[in-house]
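Think of it as A, B, C and D in the order they're written, each chain with its own count starting at 1.
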Amino acid sequence: MEVGFLGLGIMGKAMSMNLLKNGFKVTVWNRTLSKCNELVAHGASIGKTPAEVINKCTITIAMLSDPAAALSVVLDKDGVLEQICGGKGYIDMSTVDPETSCKINEAITSKGGRFFEAPVSGSKQPAETGQLVILAAGDKALYEAAIPAFDILGKKSFFLGQVGNGAKMKLVVNMIMGSMMNAFSEGLTLADRSGLNPHDLLDVLDLGAIANPMFKGKGPAMLQNNYSPAFPLKHQQKDKRLALALGDENSVPMPVAAASNEAFKKARSMGLGDMDFSAVFETLKVLKHSS
Amino acid sequence: MEVGFLGLGIMGKAMSMNLLKNGFKVTVWNRTLSKCNELVAHGASIGKTPAEVINKCTITIAMLSDPAAALSVVLDKDGVLEQICGGKGYIDMSTVDPETSCKINEAITSKGGRFFEAPVSGSKQPAETGQLVILAAGDKALYEAAIPAFDILGKKSFFLGQVGNGAKMKLVVNMIMGSMMNAFSEGLTLADRSGLNPHDLLDVLDLGAIANPMFKGKGPAMLQNNYSPAFPLKHQQKDKRLALALGDENSVPMPVAAASNEAFKKARSMGLGDMDFSAVFETLKVLKHSS
Amino acid sequence: MEVGFLGLGIMGKAMSMNLLKNGFKVTVWNRTLSKCNELVAHGASIGKTPAEVINKCTITIAMLSDPAAALSVVLDKDGVLEQICGGKGYIDMSTVDPETSCKINEAITSKGGRFFEAPVSGSKQPAETGQLVILAAGDKALYEAAIPAFDILGKKSFFLGQVGNGAKMKLVVNMIMGSMMNAFSEGLTLADRSGLNPHDLLDVLDLGAIANPMFKGKGPAMLQNNYSPAFPLKHQQKDKRLALALGDENSVPMPVAAASNEAFKKARSMGLGDMDFSAVFETLKVLKHSS
Amino acid sequence: MEVGFLGLGIMGKAMSMNLLKNGFKVTVWNRTLSKCNELVAHGASIGKTPAEVINKCTITIAMLSDPAAALSVVLDKDGVLEQICGGKGYIDMSTVDPETSCKINEAITSKGGRFFEAPVSGSKQPAETGQLVILAAGDKALYEAAIPAFDILGKKSFFLGQVGNGAKMKLVVNMIMGSMMNAFSEGLTLADRSGLNPHDLLDVLDLGAIANPMFKGKGPAMLQNNYSPAFPLKHQQKDKRLALALGDENSVPMPVAAASNEAFKKARSMGLGDMDFSAVFETLKVLKHSS
C-alpha cells in the first residue's frame, strides 16, 4: 500500500518510519526538507510540496504541530488543496481544535476529496512502537480503507462519528492527563518538602488505585529534573486551552483544569515550553524573585 | 496471634474479618457495640471499652473515622490510655493528620507503651481482599511484631521512619487521588456536554498512559449516578484540607489541590459528604439556582 | 453636530439619548427597529440599515453587544462597509477583542474610511448620566473630531495609541472588576454562613482601604437576590475569557482570573447569563444536587 | 484616662503614640523592650512584663502579631493571666482566629476579668492617623468604657456581638482585600505584557466603579517594585488561611480565595513574607527556573 505523509516532527517521523518498516511505500514531506533524509535512507520518497505528495498518493496522512500548521499545509500555495480531488483521501492525525478540523474537512470535500481526522492518544514512545490509540471521525469509507495503516500505527482505533469528535476526544483526554500531571507534581513536591522520600511516594502510588503508566514512566525522570520532551509542554498547554474553550462553549465549569492551565502558562513564562510537559513540576520549586 | 481491634466502620470491619478468617484471635470494640455482632458470629470476642481491649491484648489495632475519634478512643474515660503500659503495643491505622498522630504517640509512650501509626492506601475493596498498602512509621520493633497481621491485611507495607511520616504519606497520596477524581469528572462532563459518548472516553482512557484502576473501577458507576461510598467524600475533603495545611507549613503552593478542595467543599455544601468521593462529579452538572 | 448611532441596547440607547438631549442630530439604527421608537420620539432620525446611516452621517458611532455583532454590522449585506469612504469616520464603542477591532479597522481603512475603537468603562448608570470613561485607540484625527460627542458621553477619555489598545484596556479593567465581584461574593457568603450580619460587612468595607462604588452600589441589591442587569453576566464572562486569551498569548499566568472565570461559567450553566454579573453570588449558595 | 498597651509593632506603636499624644497615660510593654524607648520619650511608662502592665492599669489593650503571640502574652509566665481580676478589663486588638479569641476570653473571664476582642481594619497609615475601623465583640460594658480610647484610635467602631465575631469580620475583610490585590496584580501584569502602559491602567481604574484607596495608594509603588511593608504578606496569607478554614467549617466553597491563597503561598516560598502583601505582584513576573 502506498501513502503520503506530511510532517516529520517527533510523532510523524516515528509513525512514517513504522509504515516504511512494515512494507508501505511512503512519500514524505516536511517544511524543513532535511528532516526527510533519515526516512529516505530507509526507502521513503520525497515530495517537494504537500501538493506533490497528494498528486502522487491516493491516501495521504498528515501529522503537524498545531492548528496553524495543519491549516497552512492544506490552504497555502503548493498545499494539499491544489491537488486533492475525487478518488483521493486526506487523513489529518494532528491534534487540532474541532473548528480547525471542520474547516479542513470543508476545504477537502469541496474539491471532491474524502477526509477524516484521526488524532492520537500517546506520544513519542507509543508512536515508535506502534501502540497509539487512534481517534477517527469523518468519512467512514476512507476510514475503512486506512485500517491497514492504522493496524501498524496503533494498538486500537475508534471511529467516533462526525468530523470534530476525534479532536474533541483527544482534547478531553489530554486535559485529564495535564491535570493529573499537576496533581502528581504537587504531590511529589509536598512529599519532598515535608520530609518524605519522594521515591517512596512513587512506590506507594504504583501499588494503589491510581497507579498508571504516566506516573511510573515519568516520575523517576522528574525527580532528576529530566524533562526530555515526549509531549512538549507548549502543546499540552495549547490542548488545555482548547479544552477550556470547548467547555466555555458548552457552559461546563472546570475549575481544576483552569488552575492546571495557569500552571502550564506559568511554566511557559519560565521558558519551559519546549521541554516535556512534566516540566510543570518546576513551577512548584522555590524560586528567587527578580527585583 | 491475638490482637485487639478498635473501630468497625467500612474499613475496620473488613480488616478485622480478614484477621479472623486467617486464624487470628480478635477482640473487637466499636462505639456502637451492635456493629460487633457480625464479627462475633465469626468468632470474635467483644471488649466493652477500648481500655478493656487493651487490657486483654498485647497488640491492639485501631481504625477510626477521623482525628477526633482517634484521639477520643485513646484519651477519653475508659480509653486506651487507662490500660496501656510497658509490654503493650498500639497501632493506629486511621487516617489522621501528623499532629494528631504525634499527640497519640506521646500519650502512649508516656505510659511506657509502644506505638506506631500505619495509615493505609486503599478503601473498601482492598480492605476486604487484604490488598491494602500500609504506611507504617514509629516504633520499629512493634512494626516487626505486627508483620504477621500486615501480611494478611495488605499486599505491601512500608516503614517510613518517625511517627507522622505515615500520616503525611497518606495525605499526599489522597491529595493526588482527589485531584485526579476532579480531572476525571471534568473530562467526563466535558465529553458528555460536547456531544461525545462518555463511555467511549472510558475506553480510550483505559488504553492510554493514564489508565488506572480508579478510573476503570469508578467510571461506569459515576455515569449511572451511583456513588455508593467506598471512601466517603467528607473524608477525602478532610484529607485534602490537611494536605493543604501541610503545604502551608512548608510554603508549598498547590493551586490544583486548592481548586480541587473547593470543589469537594462545594459537594459537601450540596449534602454529598456521606457518598463516595466520586460524587464530586455532581458539582459539574447543570443546577437550577435557588432564588 | 450630526452623528449616526448603531445599536440601541442598554448602553447604546442611553448614550444616543444623551447626544440627542444635548443638541446633536442623531440618526439611529437597531437590528430590531422598534427599539428606535423612543429615540425618534425625542427627535432622532432612523436609518433602515447600517449602510443608510453611514451614507447620511460623516461620523457614525456603534455600540453593539459582542464581537460577532460588531463584525456583522460592518461586513454583512447593507452593512457599514457598503457606504464607508474617504471623508467618513466610524467609531466602534462596543467591547470586543483586540483581534476583532483590528479586523474592523482593516475593513474600514481599506475603503478609505477613518476608524478608531472606543470601548467604555462603566455600565448602565454612567451611560445614562454621561459619566463613562472612554478608551480610544486608532485614528487620532478622527478622535479629535469626536471630542464634542465624548464630552457629552463621558467624564474622561483616554487616547491609548494603536487600534486594539482600547479593547485591551477594557478587557483588563473588566477582568479586575469580575474577580473583585467574586471576592466580594465570597466575603458576603462567608460572613452570612459564619454568623455575621452581611449588612455590617457592607458598612465595614465602605469605611476601609477597599471601599469602592461597585461594592456600595451592588451590595444591598445582592443581599436581596436582586440582579437586575446593568452589565449582563454573560458579557462579563466573555470579557474574562478574552482577557485570559490575551494572557495566554503573552504567557501571563493569572490563577485568580482563571478561578473567577470558572465561577462565571458555573453561573452561566445555572441560567444566570442574562442577569447582572453580580449574580455570580448565586454560585456560592447551598444547592441541592440533581440526582 | 490610663491604659496599658502590649505590643509595639508597626500597628501598636502608632496606636499607643496616638493615645499618648491625646492625653492618655499609657504604660507600654513589648517583648523587645528597647522598642519602648521612643514612646517613653513621649511620656509613656514601661511595664517589664504583661503582668506588671495589667497590675498597674484598669484597662489594657494588646496589639500582637499573630495568634501564638496573642496567646502567649496572656498564658505564659509573667503574663496577663497572673494579674487579671475582677474590675480589670483586657482588650485584644490583634488579628487572631475566632478560636484563639475564644480561648483568651475563657482565660480572662475565668479569673473574673472582662474581655472583648477588637481587631481593626486598616494598616500602618490609618493607625498613625487614628483612622482605623474597629471591630469589637464581647463584653459590652467594657466596650463602652473603652470608647474614649477608640475615639482616638479609629474613625468608627462597630460592636458585633459575641466574642469571635470581631475576629471573623476581620478575616472576611482581609480575605476580600487579598483577593482584590491578586486581581489588581494580574491586571497590571497583563496590561504591561500586552503593550499597554500600566500607569494608564491606574488612571482608568481610578475613574471607574472599582476605584478604591488601596489601588490608588499601592499601585504606583508596586510599579516601582516598592513593597515597603504596611501589612506584611505573611500576615495576609495567615488571614487568608484562617478565612478558608472558617469557610471549611461552614461548607462555603471559595474558589477565588483559594487560588489567591496559593499565590500568597507562592510569594512566601519566594522569600517575600516580610514585605508588603502587594509583593504578591512578584509571583506573576517572568522568572528563570532553577534546574
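Here is the rule we go by: a contact is a pair of C-beta atoms (placed from the backbone, for glycine too) under 8 Å apart; a residue touches a chain by one contact, two chains touch by 3 or more.
Worth saying up front: this structure is predicted, and the values here are computed from it rather than measured.
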{"item": "Result of counting contacting C-beta pairs for C-D and A-C, higher pair", "value": "C-D"}
{"item": "Listed pair (C-D, A-D or B-D) duplicating the A-B contact set, over half by residue number", "value": "C-D"}
{"item": "Mean-CA-position distance for subunit C and subunit A (Å)", "value": "39"}
{"item": "Gap in Å, rounded to a whole number, between the CA centres of subunit C and subunit B", "value": "51"}
{"item": "Inter-chain centre distance, subunit C versus subunit D - centres from mean C-alpha coordinates, in Å", "value": "38"}
{"item": "Sites on subunit C at which at least two other chains make contact", "value": "247, 251-255, 258-259, 262-263, 269, 286"}
{"item": "Interfacial residue positions of subunit D with respect to subunit C in the complex", "value": "121-123, 126, 133, 135, 155-156, 158, 160, 165, 168-169, 172-173, 175-177, 179-180, 182-184, 186-187, 189-191, 193-197, 200-201, 203-205, 207-214, 217, 243, 246-247, 249-260, 262-263, 284, 286"}
{"item": "Interfacial residue positions of subunit A with respect to subunit C in the complex", "value": "241, 247-248, 251-255, 258-259, 261-263, 265-266, 268-269"}
{"item": "Subunit A-touching residues of subunit D, taken from the complex the two chains share", "value": "225, 255, 259, 269-272, 279, 282, 285-291"}
